[in-house]
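Both complexes shown next keep chain A, but they swap its partner, so chain B is in the first and chain C is in the second.
For the complex of A and B:
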């Protein structure tokens, strides 16, 4: 008996169930990491390595094609003390705040209008997406022609309607340039709000409105107490995404004004481009601008992720 | 500021190795695909990679690759020729090749851009030998053309290809109507003529002067000259803050201060003043042959009533001037076929190859070889002949009176933003011309520091 027990112990080493669970858990973890590895590698190559490179580059003076020279914090000091950078930050804030505010209001209004039943609603829903769906360069170039101060269609129409007596230089007048590029950005961006909010509106339970009507709620009450809370998570996510995109928006301004006249429409992305490629360029200086602005973008992304997580918890 | 390249930078930041590998791979892939259909003899022949500039004129773009292939066939070598546009896409491509040190064997460039490549040590010195050899053939180089390709130490960095002078275009039909029948003798006469035809209510502006980023070199380099100044001296040192340059700047600003040019000209791109003239918006513009080519193609009626001239002098006894862009052919410093590339360029520039190309260029390209100035096209075509007669004698390289230096090229070459900034500070921000010139001088100092 004794010998049999001893033999059994030899054949089956003492592994407790706790150990087995640990091994299984470790295998599961390793398997998880193995599955994640391709994504980690891809993200590492396309995000982490360039990011680290950009951070290091920001400490160098690096003209295109030329040798890099270590300059310490010089690029950061130069950027932060450059009045043009302050102007670019101010312009970016104005551009983003007005763009987002109007995109929300217009996007929401159009989405609400398109939830109502009316003939041609399907066509209208498609038509409203056109500014967003058009290739950006083509759409913006069309605006460049339409907004031309001398031969543009918009001035011609305004004159024919008797609304103006002298042409408006939308893109070259210091008072008009920033509002104009903001308006074009709104035109291009509001359909994204309409699209997402329209989808969100379809999920609001109609019985809530019926109940509210029985309680005597008017249209405003229904919007404020039912519609808005119901679509708020979607609205927040859409707003944050659009804010990030608008902050980084480059093409619209670059094609319309190139950041001018003077620096009146220069936003941070335009400023970064100018630093990178102005004259024969300084990539290190441009990298410092990108690094300086990165925390703000990360803060927005973190906020966005928190909102999305909260939304998941609510669901 | 210590200027060193650390091992950390080289190992972590420099993308040169990666870009170099990518560039070589692309070149190899192109070579493989190009040689797949070649006979065995051709496969063993060397291959030259050639980047030429895409031009405004379709006929030029059609003929140039054909001519290059013809030369390659005669020399029994292979070529991979590409036309790269003069826009952000083309510049990005060239910058990538520059950064990865994979420039093609032969690359066409403006002399300003080529001076930059020279300053970065990216060009092969063999170009000087080519230029020297060609002094003795086909009548040699046209007078003064070698100045276009001289670096700060007197070194020749590229082989002259063609030049493109800026020409003042006048609407003679409009000026005839008001009795102005002779070309303006002075800048003041030109201003007076512009004022006389200026009628914005009818959609006619006296002039069409840009103050955006494009075309500024043709204007803002000339105006100091007309007043006896220049942005650099003969030694290649920047000379920005001078009375003469300030007078030139102020003279140019008058077009805007008097409203003689459309306000939107501050947003004009490369074709802004072309469009202003072609649409009849502006009665006087200054442009290279691109406008002339467009006139011939799209508005022959307007071409007939257009007269060309250099910028008239600011004073009655001064000299007119025509700012002139030089184009040259460069050989990459690391070309494995540098000698062959030099021979190829010599062959390309022979009259039998260049004459049809210049003719295809419709007057936007002037010859750099004496023998080519004698061809029928430049002798007998009435309009092109008038350019040769009236403009070319006043043509001066953009760098005049100094050499090509990287800092000068960066400060004043086409698409350089510094002139635009100087003008915008005055015309948009309300700064004085003196203050703006001072800031332009500071820009010049900063640019110079980059190359020391």
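For the complex of A and C:
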């Protein structure tokens, strides 16, 4: 404001153009904050307060219906020394690594196949998104039913094809449960990769392929030296997004196995839910799990935002 | 891209792979639908029939009839609708203003706010379900649609804002400037110029926010515990954990829950590439 008044003395008119610009600018700033205010307020209420509360809660013993009592670092010690937590972390790593690897490979293969011209391509491009578009609960229930160990369709099909003689209990067999849960997560998640990679593939300059063909490149060369580098930024962003969401995916496993049999499919989100609502039901313990998870999630988000900012600068 | 030099083996592999993918996509949907039309007697055979021998609407009739004191399943779909419509309205209206500020107005901290909204969009809100549960208990808004609608803003607002932001960016600001030269104030120029032009983007944001809210499970499971408030998603899950699982009803319920989403999805599919993945693909 001081510079505005000093400017005024130099210029004859009562309101200078500089003043007007400043008023307009201040107006714009105020409007900007005013327009953002509802979003910030609601998100602050629903995200920031709980965030702080989770941190505080993690130092308390708090049964669902009961009073909270301060226990210091006890929840953290209990969580970090709980063999079930170690199992959950291990399961989460296996679940996420295999899910993401297969989502990338299958998502990309399908995207590449759908760039080729063939009749019905438009329909195929939409239809392939169905696993991802269906409500999670409906899609998963359909799998629970198909994978049923006694009367499930899949067992019947496998028997008819002569691939098995005795039924497989996909969701309750110790050897099958985790691979099955992972496979269904891949089934639900690969279309997201197909979707983003299809869009990215359309931006690849066709002339590059023509030039490469003149130089005698084969299909693999073209993929490795042209396609992959061109879609790399999108692939990286999609992979990061999917990693964050897969790490925290809850409903799929919760409905399929609930974490069983004997914790073989318990991932960190399932473990958190169990700590909060099963048995003794200690919300403080569950909060400590969330707080332990947070730095990893936030690190991934920050890394993702860096990657995206870099891309925006490049464009 | 199709090349004559492609080997026969590779093409067979490709076709085989795509057939398998196609089958994995179509079969669960097919199985869901035909199971819902099977009578009870046909469901529990060791070798299931691959199309219903005696198609019946029994399952759907059961889903529409109350069980004792329990409301019929279709009533829980009403609850889902209230939660999804309510939260979508809040998300989209708040999102329009936020997205407008982030694309049209220049002010200090704009980039930081953009980053914040994106961070919230990516942030897995389920990490917060315990403190939200406690906060709602303390505020006395557990078992209310109001509470559930507020909790859905954790993904609704960032999602709507982020989608709308990318759409607003495609509308030239000069149009609004000329309206303002003609004497419109900021709000008028938004209402008469920007919003009509952004209508397709707003429609897409509405559809996808609605879908996300409609499909939500964990918050609905935790925050609404009284049966009369159960959403359809939670009701389906409790059907699964009932004493005897009536799979034709469960699949019928799954079909009913999927229908609105699939209809909206096909209606909005041309925006999917541009809008939903705007964050990832730009």
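One rule holds in what follows: the second predicted complex is superposed on the first by the 272 of 315 C-alpha atoms of A that agree within 3 Å, B and C clash if a C-alpha of one lies under 4 Å from a C-alpha of the other, contacts with A are read in each partner's own complex, and residues count from 1 in each chain.
The criterion applied here is as follows: a residue touches a chain if its C-beta (ideal position, glycine included) is under 8 Å from a C-beta of that chain, and two chains touch if they have at least 3 such contacts.
Given the structure is predicted, the values throughout are model-derived calculations rather than measurements.
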{"item": "Three-chain arrangement built on chain A, chain B and chain C clash or fit", "value": "clash"}
{"item": "Which superposed partner A:53 touches (first chain B, second chain C, both, neither)", "value": "both"}
{"item": "Touched partner set for A:135, first chain B, second chain C, both or neither", "value": "second"}
{"item": "Partner chain in contact with A:20 - chain B first, chain C second, else both or neither", "value": "neither"}
{"item": "Most chain A residues touched (candidates chain B, chain C)", "value": "C"}
{"item": "Partner chain in contact with A:36 - chain B first, chain C second, else both or neither", "value": "second"}
{"item": "Partner chain in contact with A:279 - chain B first, chain C second, else both or neither", "value": "first"}
{"item": "Which of chain B and chain C A:257 touches, first, second, both or neither", "value": "first"}
{"item": "Chain B versus chain C as contact partner of A:150, first or second or both or neither", "value": "both"}
{"item": "Touching partner for A:115 - first (chain B), second (chain C), both, neither", "value": "second"}
{"item": "From 25-33, 133-141 or 169-177, the chain C stretch with C-alpha clashes against chain B", "value": "133-141"}
{"item": "Where chain A meets both chain C and chain B, residue numbers", "value": "53, 57, 150-151, 277"}
{"item": "In the complex with chain C, residue positions of chain A that touch it", "value": "25, 28-29, 31-33, 35-36, 38-40, 42-43, 45-47, 49-51, 53-54, 57, 62, 106, 109-110, 113, 115-117, 124, 126-131, 133-139, 141-146, 150-153, 156, 159-160, 187, 195-196, 198-200, 209, 219, 234, 237-238, 241, 244-245, 247-248, 250-251, 254-255, 269, 272, 276-277, 283, 286-287, 290, 293-294, 297, 301, 304-305, 308, 311-312, 315"}
{"item": "Chain A partner contacts - residues on chain B that touch it in the complex", "value": "1-6, 8-9, 12-15, 91, 95, 98-99, 116-117, 120, 122, 203, 212-213, 262-267, 279, 281, 406, 410-411, 416-418, 420-421, 424-425, 427-429, 447, 450"}
{"item": "Contacting residues of chain A [partner chain B, same complex]", "value": "52-53, 56-57, 60-61, 63-71, 74, 148-151, 169, 171-174, 257-258, 260-262, 264, 274, 277-282"}
{"item": "Interface residues, chain C side, partner chain A - complex", "value": "1-3, 6, 14, 17-18, 21-22, 24-29, 31-32, 35, 43-48, 50, 90, 94-95, 97-98, 100-102, 105-108, 110, 113, 115, 117-120, 122-128, 130-135, 150-151, 153-154, 157-158, 161, 186, 211, 214-215, 217-218, 222, 233, 236-237, 240, 247, 250-251, 254-255, 257-258, 261-262, 265-266, 269, 272-273, 276-277, 279-282"}
